[in-house]
Each structure stands twice: as C-alpha cells, then as structure tokens.
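What follows is a set of structures for review.
What follows is subunit A paired twice: with subunit B in the first complex and subunit C in the second.
The block that comes next holds the complex of A and B.
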C-alpha cells in the first residue's frame, strides 16, 4: 500500500459511497418544513383572533414555536423529526431551538457554567455570528445606498 | 537478537499464549442485532444506573474485565498486567476502570484497533516471559463517542450513508502462558496508512488501505494464503470499507470471497437497525471477537482466524484543521492449535 495513489484512491472511494437519496430528502424536507409552517400559521391566526396587533403576533408566534421546538427536543422527539425532515426541520425557528437546547441538555452533567452555558451555542453560535454579522453589513449597505433619499 | 521476528512486520510467538476466558457486555441496540446470542450480558439501559455516559462506559468496561477474570477462575491478584484502551480523550474510560481494578496497567490508544493492539502486546508480554496472565480489554459507547466526535444526541441531523454507528459495549480477553487454547500464534503490527480521506463520515474508506497493507504483509511474512484461514475479519470498516478491501485485494491477487468479513458489518442488521454502513468503535471488534469468534472457535466451527481491528487515529480538532484521517490495522492469528 506504500505505492497507493492517493488521488486515484480518493476518487475510487468516492464512488463506493452510497448516493444520498436527494429526491426523497427534498420531498420530505418540503413536507416536514411545510407542516411546521402550517403550525406557525395556525398559531398566528389564533393570536390575531385574540386581538393582538401585527408586531405582537409576530413575536408571539416566534415565542410559541421556539417553545415547541425546545419542548419536543426535551422529550426526545425533535431529533426524530430532524432525521426525517432534514433541512425542513432544521431551517424553521423550531430547528434553531433544537440546536440550542440539544447541546444544553447534552452537557448538563458538566455543570451549569462550563457545561450548559458554555456549550449551548456550540451549534447555533455560527448561525448567530454570521446571521447577525451579515444583517449589520446589509444594514450599513442600505443606509449608504438610500442616503439622502 | 529478535529471534521471534519473521519477515518485516510479524512476530511468530514461540510459546503461544492461550485464551483462558473472555467476556462481553453490550448495549440494548447491539443486543437486538444478529449476534445477540453470543454476548454474555445485554444491558436494558445503556446508562446502567450511572450519572453520565462516561461513567456508564467505565462501569461496562470494569464489569467486563472482572467477569472475564472470574470466568477464568482467577482473582485480580493473579493478573500481571491489564492492557486496555478506549476512544475518549485521555482514555478516561480505561484509566477510571483501572482505578477500580488494582492491577498493573498499561493504557493503550489505538482508536478502534485497540482490541488487536492489546492482544498483540499482551501476547508478546507472555511469550517474552514477562507475564503469565494478562487481561486485554477495550470498550466504546455510542453516547460518549457521539458527544466527543459528532453532535448532541437530541440534535435533529441526518447521518450520511457511509457513516457508522458506534457500538456500545466492551470485551475482555484473559491470556495465559498455559492453557488449552485457542492460542495467539502470530502478531502482525500495522503501519499508519493515510490515503488522504478527509470525510469523517467515511471512516471505512479511510481505514481500508491500512487493513490491506497489514493483510498483505501478514501473508508475505508468514507464507499463509487466504485459504489457510477459516475467517479473516477486520474491525470496523463497515459495508463501504469491506467492499473496498474485497475489490482491491482481488486486484492484488488475493481472493478473499467467502472467508472475509468485517465486525462492523456483522454486529448490526444495517437495514432493520438503521446503522447505515455498520458498527464502529473499539467495542465493535472487542465484542465480536470475544463473543462470536471465541465461542465459535470453542465449538470447533472456526479453527484459525485472523482478527484485524482497524483504527482511525484522528480527532475533531485535527480534522477541523483540514488534516486527513490516518488509518491503522493490527493483525493477530488465533488458532485452536499451537501453530
């Protein structure tokens, strides 16, 4: 194996991996992601019925969905939804809740400071850093481009 | 002079150590797999009454070692050395297990190759006249490995098809300078082979060249051919790695069809148990060898077996820095006759 051509081997090994079932994954992501959005819409409509204004409804819907995502993670259901739904379960705000609650649960035994608090953002951290970062850049661009109008 | 060395990489044991006893403990998922009847103990709960997965893994290894020693009719004071290792940082499972078992201890790190690494070194200690009784052991735990190498258990992600499932379980072998076999007759030590694979979800392909390298050198050194063995078994190459070994070994002129398989392929039913490419972890080769292979050798269905546990010697830190995965495989010949 000393004379193994690494490049050839890597290409060969690549071909040996079973192909991901893209089509099935896309359909399932659409269904699962869609269902989560339907739940969000039901919550939204219900909140409007209770007479909340647009701003309060937007905040309330997010709060309830985050709670549901966290709750389903806590009772060990969200990882199963994620396995089926893939990006359909990861992209909605419920997936964001899952990405924060799951490491918090996992590292509870290492204590509340070095475990829960320190590890809580190990998955969501990059999303927050680049999400907030890009929103600042877009905000500055908007300010510059619309200046004086 | 190294009078017991043959060829470039192999040691022929002059006084082959005998396996006195073995013991295996596995988790619930492994206990639902095709090899369930071969395991000595199947846990209903993989936390086993402990506060954390790490403590549970340590208890699994400790109970496995104690039971293997008891199975041999010995007490811990009769054991000259304990050789064990695991996957966790600073091999804490083995260190904390050795804290409970008061025996001279060498901690090993060979990743998932630890079972044949410990058997190799244990056999040489005995054949060299440095010990009479040695315990070789290793363990892994799905939940400790996941949190160290991958994601939190409750995180909703999808695993790739080439990914493997870390076995929860431990296996221990008691080796002795005297006994009625099966015996460890040859030891071929692996070299690191790094084919440049960087995908941590494709460990089988990363380790397959190391397994082939050890196997080819074993045949060259000993003069054996595949047909001299009843079974040649790698540790945890999974379905992807097993197919690579079969195909590329045929190209090298070794037909392994029918006598070669992989512990990771055998331990789970990958379709029903959703384990994708198969089992992995130190516990994979440890439980399959100390459970299935040893018991089949005692029954007489297998007479000469080549166990080749395979290891990927990387960590999340170094792969995040863009390094590829170095593979290793150590081979030991286990024979019902003294060779």
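The block that comes next holds the complex of A and C.
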C-alpha cells in the first residue's frame, strides 16, 4: 500500500465509489424484463406448434404468464425477482399478476370479500379502468373516423 | 434471433419504466396504469403494431402490449359490430388474461401467505 502513488490511489478510490444506482437499476430492469419476455416468446412458439391460431396463442400466452406470475408470487419468489429487477419485473404481465396476488394475500385477515376479493384489484383495478376505458374511446373514435369517409 | 428481439424490445420497455420510477415520484402502480394507457393510445394510432411485428412477445408481454390488445380488439369490434363492438372488443381480446388473473390471483391468495422474512 505504501508504494501507491497519488494517481494510482485515485484510480483505486474511483473504483470503490458506488456507481449511481440507477445505472445498475436500468441494466437489471433490462435483463429481468427481457428474460421474462423471452419466456413469453418460448410459450408463444410452443403454442403455435400445437396449431393454435394467433388469437388463441395470444390468450394462452397471457393465461400461462399470469399463472406463473401468480404462482411465483404465492411461493414468495416473485418478490425476490422484483427486488432485483424493479420495473423489469413490474412491467411484464407477470407483474400485473403479482400486483393482484400480493395485496390479496396480505389483506386475507380482513375477510374474503373486503379483504381478498377487494384488495386483489387495488392496482389491477385502476389498470383495467384506464385500459378498458381508453380502449372504448379508441373504438368509438375509429368508428367515427371510418364512417366519416 | 426471435428470442433476441423479444429480449431487447421487452428489456427496453422495462428500462423506460425503470427510468420513470427512478427519476420521478411515481410508484409502480402509476407506471402500470400509464403503460397500459400508453399501449392503448399507441395501439389506436397504429404505432404499436410495428413493434409487435418486430419484437413479438417482447412487445406483447409488457403492459403496453396489454393496452395494445385492448385497443386492437376495440377497433376490430367497432369495425365488425359497430358501436357495440367498440365496447365489447377490448375485453374480448384480453378476456383470457383478465379471467386468468382473477381465478389464479384468488386461488393463490387463498392458499399462500405473505412471506415476511428479511
């Protein structure tokens, strides 16, 4: 250590300074989110092999991914994935399933109606309200714009 | 190649979410709502379709893909069944995922308990 000169020490110190965490967060979100989508692609391709049409494949892939997300949340694994991946775990549809199971488990003691069933939708509810609501507007706009021609 | 595209597209969509999460005070719940709505708007404008063609599951698995399916379903419904279709199309297209979320979410919540370790 004694023969380290100033420059070397500076280099050494720079390496020890924690990098801004958001760079690390972005990399982890990219990897975790990307991997979940690769799993989705594997499921898609497998379903196509069984001769399902595009609509059935899309529905089947969602169903299987939602099941995986819910199951992994139940056994406590998805929360660990979430801690590593951040938005990479939250943004895929498996994260949507996680957002349903987590609060539902937590509020079980408040009963099966106001606990489990109501809390299931504490995050999924708003997602559906804005998603479905805006899609109806899009549908109506489409109708108005194409009828006008 | 297909898997690589799915990985990159899906990863990048999640990165957008992570950047919003880290640089604003928005919570993951906000991100999910924003992403679904963004997917509906982009889907409605026809801008999400090319991403789905390119990225496959990388574009459909993240929540904007859910919004895209809603918008696509609503537009197809409007085209074939008129105003009624605009109401029914979105949920029809996404019924599988929504129904799965309800039944699997409920069952898992019944059989599992929150893990409070560490």
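Rule of thumb we're sticking to: the second predicted complex is superposed on the first by the 127 of 149 C-alpha atoms of A that agree within 3 Å, B and C clash if a C-alpha of one lies under 4 Å from a C-alpha of the other, contacts with A are read in each partner's own complex, and residues count from 1 in each chain.
Going forward, a residue touches a chain if its C-beta (ideal position, glycine included) is under 8 Å from a C-beta of that chain, and two chains touch if they have at least 3 such contacts.
Computed from a predicted structure; not experimentally measured.
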Partner chain(s) touched by A:146 [first = subunit B, second = subunit C, both, neither]: second
First, second, both or neither for A:126, with subunit B first and subunit C second: second
More subunit A residues in contact - subunit B or subunit C: C
Touched partner set for A:47, first subunit B, second subunit C, both or neither: neither
First, second, both or neither for A:79, with subunit B first and subunit C second: both
Touching partner for A:6 - first (subunit B), second (subunit C), both, neither: first
First, second, both or neither for A:92, with subunit B first and subunit C second: second
Contacts of A:16 with subunit B and subunit C, given as first, second, both or neither: first
Set of subunit A residues, in rising order, touched by both subunit B and subunit C: 25, 73-74, 76, 79, 85-86, 90, 95, 99, 101-102, 105-106, 123
Subunit C - residues contacting subunit A, complex: 2-3, 6-15, 17-23, 28-29, 31-33, 35-37, 39-41, 43-44, 55-58, 60-63, 65-67, 69-71, 73-75, 77-79, 82-83, 85-87, 89-91, 93-102, 104-115, 117
Touching residues on subunit B, where the partner in the complex is subunit A: 51-52, 147, 151-158, 160-162, 193, 195-197, 202, 205, 208-210, 212-213, 216, 240, 243-244
Touching residues on subunit A, where the partner in the complex is subunit C: 21-22, 25-26, 29-38, 40-45, 55, 58-63, 65-67, 70-71, 73-76, 79, 85-88, 90-97, 99-102, 104-106, 108, 116-117, 120, 123-124, 126-128, 130-132, 134-136, 138-143, 146
Subunit A - residues contacting subunit B, complex: 1-2, 4, 6-7, 9-10, 12-13, 16-20, 25, 73-74, 76, 78-83, 85-86, 89-90, 95, 98-99, 101-103, 105-107, 109, 123
